[in-house]
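The structures considered in this document are given below.
Across the two complexes that follow, subunit A remains constant while its partner is subunit B and subsequently subunit C.
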Partner chain A sequence: MTKPVLSVRNLTTSFKLRKGWFPAISGVSFDVMPNETLCLVGESGCGKSITAMSAMGLLKGQHGCRVSGEVWFDGRNLAELAEAELRKIRGNKLAMIFQEPMTSLNPVLPIGLQVGEPLMFHRGMTRHEAEQEAVRLLEQVKLPDARRRINHYPHQFSGGMRQRVMIAIALACGPQILFADEPTTALDVTIQSQVLALLQEIRDEHAFALVLITHDLGVVATIADRVAVMYAGEIVELADTVALFKRPSHPYTEALLRAIPRSDRDTEELVSIEGQVPPIHDMPPGCRFAARCALREDVCLAQHPPFALLSPTPRHDVRCHVRARSAGRSAA
Partner chain B sequence: MSGASILTVSHLRKVFTTKRGFPNPTIVNVRAIDDVSFEVRAGESFGLVGESGCGKSTVGRCILQLIEPTGGEVTYKGQSVTRASRQELVKLRQRMQIIFQDPYSSLNPRLSVARMLTEPLRVHGLCSRAEAEERVRRVLADVGLPADAYAKFPHQFSGGQRQRLAIARALVLEPDLIVADEPVSALDVSIQAQIILKLKELKSSRNLSFVFISHDLGIVRYFCERIAVMYLGRLVEQGPVPEIFEAPLHPYTNALRLASPVPDPEKRIAFQKLEGEVPSPIDPPSGCYFHPRCPKCTSVCREQAPEWRQVSPERHVACHHPL
Partner chain C sequence: MSAVETTRHGPGAFTRAVTEIVHAFNTNKTSWVGLVIFLAICVLALLAPVIAPYDPIKQHIADALQPPSQKYWLGTDAFGRDVWSRILWGGRISLLVSVASISIAMVIGSTLGIVAGYKGGWIDQIIMRAMDVLLSFPTLVMGLLVVAVLGANLTNLIIAIALTVIPKFARIARAPTVAVKELDYIEACRALGYSDTRIMAVHILPNVIGEVLVLASLWTATAVRIEAYLSFIGLGVKPPTPTWGGMIRQGFEYILDAPWMCIYTGLAVLVLVFSLNLLGDGLRDAVDPKLRNE
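Let's look at the complex of A and B:
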C-alpha cells in the first residue's frame, strides 16, 4: 500500500477573540497520497484556508493563535519543527499558491527574480543560474515569450498570467506537495479552465500531490481525485470524487449539491439551505449542521458525531449520526 | 411568454476617456459599450452574460442613467430615459430600481434599516410617515427578514441578509423593472440559492421584469428566460435560454458554456481549447473582436466586424461563421 506524503492528524487551530479562545478548525485529519489531487471544499469561514495555513506552519507562533495536532511529512512532524527548519521545507518540498496573485507577488521586483528566489535560497544557485532556470520554469507554465518577460513587473501581466508566475515559483524546487488556495477564484471562466488544465498537466509531469482549496463544486468535479467537505471548522465528509457526487452522504453535502443551479441542464428544483452557519463563538455541542439539517434527530443535538467509516474501498467517511448508523445496519 | 416590451435599449454606446502612458500620458478612448441593442419584455428576466470587463455592468448603469451613455437610446414603456428631464427621470426611477453586487458597500452603514427604506418613499413623496412605516414593514417581511430588523443597522446583518435589505430597498417603491447587477456573486452557495429563490418568488408575485447581469451561467440558466452574451463591449449573441445553452451560434458562447465547471465528475469540462485572454478594450483587435481566440476564424473575421443580424424570430448573432 502506498504511503501518504502528508498526514494531518487532529489539527486544531484556535483564535483569541474578546470572549476567549475559540477553535476555527477542530480535529481535522486527512492524508494526502502521492500524485493525487485532494480538494478541500466548503463555504467561506469553514476553515479550509486555515487548514492549509496551519498544515504549512504559517500560523505557528502568531499572536492570538494556537495550533495543536500533528502534521507528518517526510518522517517528521512539522508541528514540532522550529521556524528555521520549517523555512527549509516551505517553498522547497511544500509549496503554496494563493487566490489573488497580485497580493502575493512583490510589485517592485521583476518576475524573473521572484521565480529564481527560492532556487537561490534553497539550492544555493547564483543569480545568473537562477535566472536561466526561471526562464525554463516560466516556459513550462506556458508564459508566452518568457525569456524577454522575466524582466517585467507583476503589474504588466494579466490575472491569469500572474497566477502562472505564482505556479512557476511554487514549482521551482520540485515540491512534493502543492497547496493551492482558491487559485482560480479571481479569474474568468475561460482563464480558470486554462489554469486548471495547467495545474493538472504539471502535477502529472512533476508527480507532486495537489491540495486544492475551493468553494466551487464545479471545480472540484473537474479536477479532484478525492474531496474533503468542510463545514464550520470540521471535515464532515471525505470520499472519492465520483462517490461523493454520486452518493453524497452528509446531509450538508447533499444540500449543497441541490443548491447549485446547473449550466449543463435545466434545474428542476433549486433547494436552498435555510439558516446560517453557527458563529465560531457559539458552536452547538452536538452536530454543527443539526440546526439546518432535514435528518435531525435528538442525538444530533446532544452528541457531537464522530468521523465514521461508511465504506472501506474506496474509503468514504462521514460525520453524521444518522448516516453512519444506517450504513452500519446495512453492513451488518 | 412574449409580453409587451417594457424596456428597449437601442444602439447604446458608452465611451470612457482615460489617460495612458507615463511620464507623458495621452488621452485614449475606451469603448466600454459599442452598439448594444435589446429589449426586455414585461414579466421576464433578461440575462446579460459575459466575462469581467465586457461592459455588462456599464449597460446596467446606463439603463438607469447612473452613467450617461455617449449615444443610443433607452426607452421605458415608450418614454425616453436618455432624453428625460430631471423631473421625468425622478419619476422614471420610481419604476426602475437597481440591486448591486456587494451588499457591504451598497448599504450606508450609518442609516438604520428604517431610515434606509423610508428614504425612497420620502424622496418621492409617496406617503405619510405612518403609511411609510407600514409599507417598509411589509416589504421586510416580503424579503424574508425578521420584524425586529426594522430598527437595526446594516452591520448587524450577515451578507445574505444584507442582500435581502438591498432587495427590500429596491422593492419599496414597487417598481416594474429591476436591474440586478451580479446580485448573488458575493454570497456563498447555500445563501445564493436562498436569494435566487426569493427573487424568483418576488418576480412572479409582483410581476417584475429583470435585467439580470451575471457571469454565472448556471444561475442565468435558472433565473432568466432570454439572454444576451457580451464580449468586449459588443453583443455577440442573443436568444431564449434553452436555445442558447443547447445550441449556441457564436463560438464564444460555446466556449463560455464549455468552460463553466459543472458539479458532476462524469461531465468534467473538456479542458479549454480556448487559448489566449480577453484583449484590452483600449486596444481591441480588428474586425470581429473575438477573432484572435476563435477556432473558426478566417480572413474575413480579421478584417470585417460581423453584423448583428437576426437569424430567427427570437435569435440574433454577430458572427461570420455561426456554429
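Let's look at the complex of A and C:
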C-alpha cells in the first residue's frame, strides 16, 4: 500500500473565548495519499478551514489559540517543528490557496512579483529569473497574455483571473500538497467549473495531492477521490467518493445528500435539516449530531461515538453508534 | 515592459521605480512644480557663497532696519545685515536640519510603528507606551534634555527634533499596519512561509508609505519652526549664524517697525513647505498603484 504524504492525527485546535478555552476542531485524523484529491466537506463553521490552517501550522502560537495533535509530513511532525523550520516547508512543499481571490493578493504589488516571490524566497532566485519563471507559471494556469500582464496590479484582473494567479503562486515551488480553501466559492458558476478543471489538470501534471475544502457537494462529486464530512468540529464520515454518494452512513451525510435539490425530481419544497449545530461552548457529551438525528438512541446522548471502521476496502469510517453496530452485526 | 526583459535585477528594479515615479508625476502635474521649486531652493542654498550679495554675518549698523531697496533687495535687520543674503545662507542650515531630522524620524518612527502594529501584544504595548512617553515631552523640554545629556551642537539639534517627531511617524505607520495585517493576503504570505521581516518590508510597507511620505512633507515644515525655537534657547545653531527660524524669531521683535524681516523669511519657509507638500502628494500617488490612472 502506498504511504500517505500527510498524516493528521488527533488534531485539536482550541480558541479562547470569554468563558475559557473551547475546541473548534477536536480529534481530527486523516491521511492524504499522493496525487489524490481529498475533499473536506461540511457547513459553515464546522471547522474545515481551521483544520487546513492548523495542519499548515498557521495557527500555532497565534494569540488566543491552542493547537495539539500530530501532523506528519516527510517524516517529521509539523506540530513540533520550530516556526523557522516550518517556514521552509510552507509555500514550498505545502501550499495553500484561499477562498477570496479579491483580497488574497497584495493590491500594491504587481502580480509578476507576487508569483515570483516564493521562488526568490525559497529557491534564492534573482528577481529576473523569478520573473521569467512567473511568466511560465502564469501561462501554465492559462492566464492570457502572461508576459505583458506580469506588470499589472491585482485590481486589473477579474475574480477568476486572480484565482488563477493564486494557483500560480501556490504552484511556484512545486508543492507536494495543495490546500485549497473554498477556491471557487467566490466565483460565478461558469468560472467555477473552469477553475476546478484547471486544478484537476495541474494536479495530474504536477502530481501533488489536493486537499479541497468546500461546502458544495456538486464540486465534491466532480473532483474528489475521497471525502471527509465534518460536523461541529469533527470528522463524522470518511470514505471513497463513490461509496459515500452511494451508501452514506452517517445520518448527517444522508441528510446532506437529501438536501441537494434535484432537477429530475418533482419536489415542491427544499429539504433542510431540522435543528441547530450545538454552539462551541456547549457541546453535548454524547454524539454532536444526536439532537437532530432520526436514529437517536439513549447511547447517542450518553456516549461520544468513536470513529469506527465500517468497511476495510475501500476504507469507510463513520462516527455513529447505530451505524457502526449494524455494520458489525452484518459482518459477523 | 522593456525594463523587465532587457535589464538585470538591480538596474531593472531601479529603472522601473524611476519610470513609475515619473509616470505618477505626469498624471499629477503639480508634483513637478513641487520638485522644481524644492530643487531650486536647494540650489540657491548651495550657491549662497556665490550669489549672496553681502556677508550674512558682518554688521552695518549705519544701515540697520532699512526697508527693501535697490541696495538691499529684501531690507536689512537690526544689525544692518542684508535679509536676502541671510535667507540664502540660512537656507543651508534650515534645509539640512529639517530634512535630516525628518528623514531619521521617518525611518525609525515608521519601522517602530510597523513592528508594533504587526507583532501586536506586548511588543506593541512596549513600543507604543514608549512613544507616548516621548510625546508627553514638550519639544522644548526634550531639547533641553538632549543638550544636558549630549551637549549643544548641530547634530544634537537634529537628534532632538527627530526624537520629538518619531512618535508621530510610529502612530501614523501603526494604524494602517493593524488594518492591513488582518487582510487575507497577509495570511496568504504566512501560508507561503515568508518571514515576518519580509512580510513587513515587502507587503506592509508599501501600504503605509503613502501616509508616511505625506506626513514627512508636512513635518519638514514644522522642523524648520522647531529649529527656530530650539536655537533660541541656545541649543544648536547660535547667533550670528543665520537660520530661517532664528531670523523669524528675531524679526518678530521688530514686526511693527520692520515687518520685512519676518515676511520674507516666512515666505521662504512657506515656499519650501509648499513645494514639499506638492512633492509629497506626487510621491504618495507614485507608491500607490490604486491611485494611478492606467
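Going forward, the second predicted complex is superposed on the first by the 323 of 332 C-alpha atoms of A that agree within 3 Å, B and C clash if a C-alpha of one lies under 4 Å from a C-alpha of the other, contacts with A are read in each partner's own complex, and residues count from 1 in each chain.
The rule is simple: a contact is a pair of C-beta atoms (placed from the backbone, for glycine too) under 8 Å apart; a residue touches a chain by one contact, two chains touch by 3 or more.
Being a predicted model, the structure only gives us computed values, none of them experimental.
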Touching partner for A:Arg325 - first (subunit B), second (subunit C), both, neither: neither
Which of subunit B and subunit C A:Asp216 touches, first, second, both or neither: first
First (subunit B), second (subunit C), both or neither touched by A:Ser193: first
Which of subunit B and subunit C A:Arg123 touches, first, second, both or neither: neither
Which superposed partner A:His304 touches (first subunit B, second subunit C, both, neither): neither
Touched partner set for A:Met56, first subunit B, second subunit C, both or neither: second
Touching partner for A:Lys88 - first (subunit B), second (subunit C), both, neither: second
Residues of subunit C defined as touching subunit A within the complex: 1, 4, 7-9, 12-13, 120-121, 183-185, 187-195, 198, 202-203, 206-207, 287-290, 294
Touching residues on subunit A, where the partner in the complex is subunit B: 43-44, 158, 160-161, 188-194, 196-197, 200, 215-222, 224, 241-242, 245, 255-257, 259-264, 266-267, 270-274, 276
Residues on subunit B engaged by subunit A in the complex (per definition of touch): 51-52, 158, 160, 188-194, 196-197, 215-223, 242, 245, 255-257, 259-269, 271-272, 274-275, 277-278
Touch list for subunit A against partner subunit C, complex: 56, 58, 63, 86-92, 95-96, 98, 100, 103-110, 112, 117-118, 121-122, 126-128, 131, 148, 150-151, 153, 155-156, 166, 169
